[in-house]
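Next up, some structures in structure tokens.
In what follows, chain A forms one complex with chain B and a second complex with chain C.
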Partner chain A sequence: MTTNDTRIEVDPNLPTLRIIRDFDAPPDRVFRAWTDPDLVRRWLGPRETEMRIEQWDGRTGGGYRYAAWRDGEELARFFGSFHEVRPNERLVQTFTWEGAPDGVSLDTMVFEDLGDGRTRVTSTSVVESIEIRDMIVSSGMDKGVIEGYEKLDELLKAG
Partner chain B sequence: MTTNDTRIEVDPNLPTLRIIRDFDAPPDRVFRAWTDPDLVRRWLGPRETEMRIEQWDGRTGGGYRYAAWRDGEELARFFGSFHEVRPNERLVQTFTWEGAPDGVSLDTMVFEDLGDGRTRVTSTSVVESIEIRDMIVSSGMDKGVIEGYEKLDELLKAG
Partner chain C sequence: MGEDRLSRVFAALADPTRRDIVARLAAGDKSVGDLAAPYDVSLQAVSKHIRVLEDAGLVTRGRDAQRRPCHLEAEVFDLMTGWIERYRRQAEERFRRLDAVLAELDAETDEDDNRGAA
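Up next is the complex of A and B:
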């Protein structure tokens, strides 16, 4: 049971999407959960889907590719690149759903040390147009984000 | 001597920058000039600088790093990742000047076949805020873009 809320903010005037979430673990552990594929696959995405990571080179200038599966069926595929992996501080990566490969987002995750073993992650996504941003928001991504972060709470709690 | 103008467009309401330029060569040759490091280093950037490519993995999920030198002195360093390399059609990459590493841009180059051995390249950059976009515009990048494209004209003509 978590008491940490996930805030999703949409700027009406910019093609950006911001997600703010606190975690009950220090920055190094939260950061590792974003960059180590064995951890990422255990929390990323909605509860009922399984993430199968096909490629993951989690360092500055590397790339990744994964698929979401449910009930033995592939639902969606995603890929991107790691622009910068700045340990325990900042992670900048690109992201595309293969179903709309021209709608690329640039995602920046900032890991802020709140003290007392807590970390705030502010994730900012920017795309080329407000229309693309609105498509992402209306895709139901909020369910995946919220459930994924709850799974991450559990993973961090389990140690 | 080129007769192809470089158009640089700034949207007042979006954190984007668009550069449109035609080249007198077919898409495959223009695309290769963007992805083959031996060609890139011969045209990228202003005339008086020399580009030293330190890393270049020009494929989807790869990364790059280069430095600009003048008169034996390093002026600036840049790095980024290749989100997608879609041959002869589309190139999506990230870009950062190391002097302001948090101001990352997502750059999409679309290669359009104009027929008669000509190609239009539309380059769209998006960043997180209009302030960052305005900093990029006021950095004097236009000189580098225009001179670089003139060098690319010469390279394509020679080649």
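Up next is the complex of A and C:
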């Protein structure tokens, strides 16, 4: 398998985050892996966590809700709406981490046919402020959430 | 870097004028007067922005009593580059798993093709 690099673009003046990645599969298959819950749970979500999908209606106007579990413990919960599901071309959805319920990211995934059975996915997220965008980039749900809980534990013990 | 410091860095960089000041300091040290020149605001307002950047540890002031040139603390930006790289690696891990899922789909679809369902 060839190595496809993941590119991250962080605009200094806009609260956006862009992730670009090529895949060795045609758009219909990549799109399916992005929208079929049985496939999504196999790759989305941080490393070594289990993604428990509670709701998934992958149609325009539909929505989703899932939780991330590790070692029998729920780490985080997420939900959002499918604003537009345009097969094999474009996926627009909202994304909220329940730990910051007022925050919402608008995510647009564009599936570009590169020919040759390959697909480029450009994912653009728009959040409320540059500050929040920087926090998303710097924390990474994976580590940040756990460390946050550990700190809370310590605080509660000390109190 | 402690969490308080991190919040101060984020707050400092949330302002477009301060981001612009930081970008210009990346090219070299400058006095407050130099920094204020292109903006349509008072020297005082620019000084205030610089104080916020100083409090966040992004900028230090030289000892020269007259000019006290502003200096960008470059290691802070190495840190930000590091964050982006870590985020990129997390995305890359996720996409490697997706690569594996797609490779399996390939095999399944070949079976579908044999049934004439493609």
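One rule holds in what follows: the second predicted complex is superposed on the first by the 138 of 159 C-alpha atoms of A that agree within 3 Å, B and C clash if a C-alpha of one lies under 4 Å from a C-alpha of the other, contacts with A are read in each partner's own complex, and residues count from 1 in each chain.
Simple rule for what comes next: contacts are C-beta pairs under 8 Å (C-beta built on N, C-alpha and C of every residue); 3 or more make two chains touch, one makes a residue touch a chain.
The structure displayed is predicted, hence computed values, not measured ones.
Of the two partner chains placed by superposition, chain B and chain C are both touched by A:13.
Contacts of A:129 after superposition on the shared chain: both chain B and chain C are touched.
In the superposition on chain A, contact is made by A:65 with chain B only, not with chain C. Look at A:77: by the touch rule set out above, it reaches neither chain B nor chain C. In the overlay built on the shared chain, the residue A:55 is in contact with chain B alone; chain C does not reach it.
In the superposed model, A:102 lies in contact with chain B only, and not with chain C.
Using the contact criterion defined above for the overlaid structures, shared-chain residue A:32 touches chain C, although it does not reach chain B.
Shared interface residues of chain A (contacting chain B in one complex, chain C in the other): 13, 129-130.
Those residues of chain C lying in contact with chain A across their complex are 6, 10-11, 13-14, 16, 19, 23, 80, 83-84, 86-88, 90-95, 97-103, 105-106, 109. Contact residues on chain B toward chain A in their complex (touch as defined above): 13-16, 55, 57, 60-65, 79-84, 90, 92, 94, 96, 101-102, 104-106, 108, 124, 126-130. Contact residues of chain A toward chain C in the complex are 1, 4-8, 10, 12-13, 19, 21, 23-25, 29-30, 32-33, 39, 42-47, 129-131, 134-138, 140, 142.
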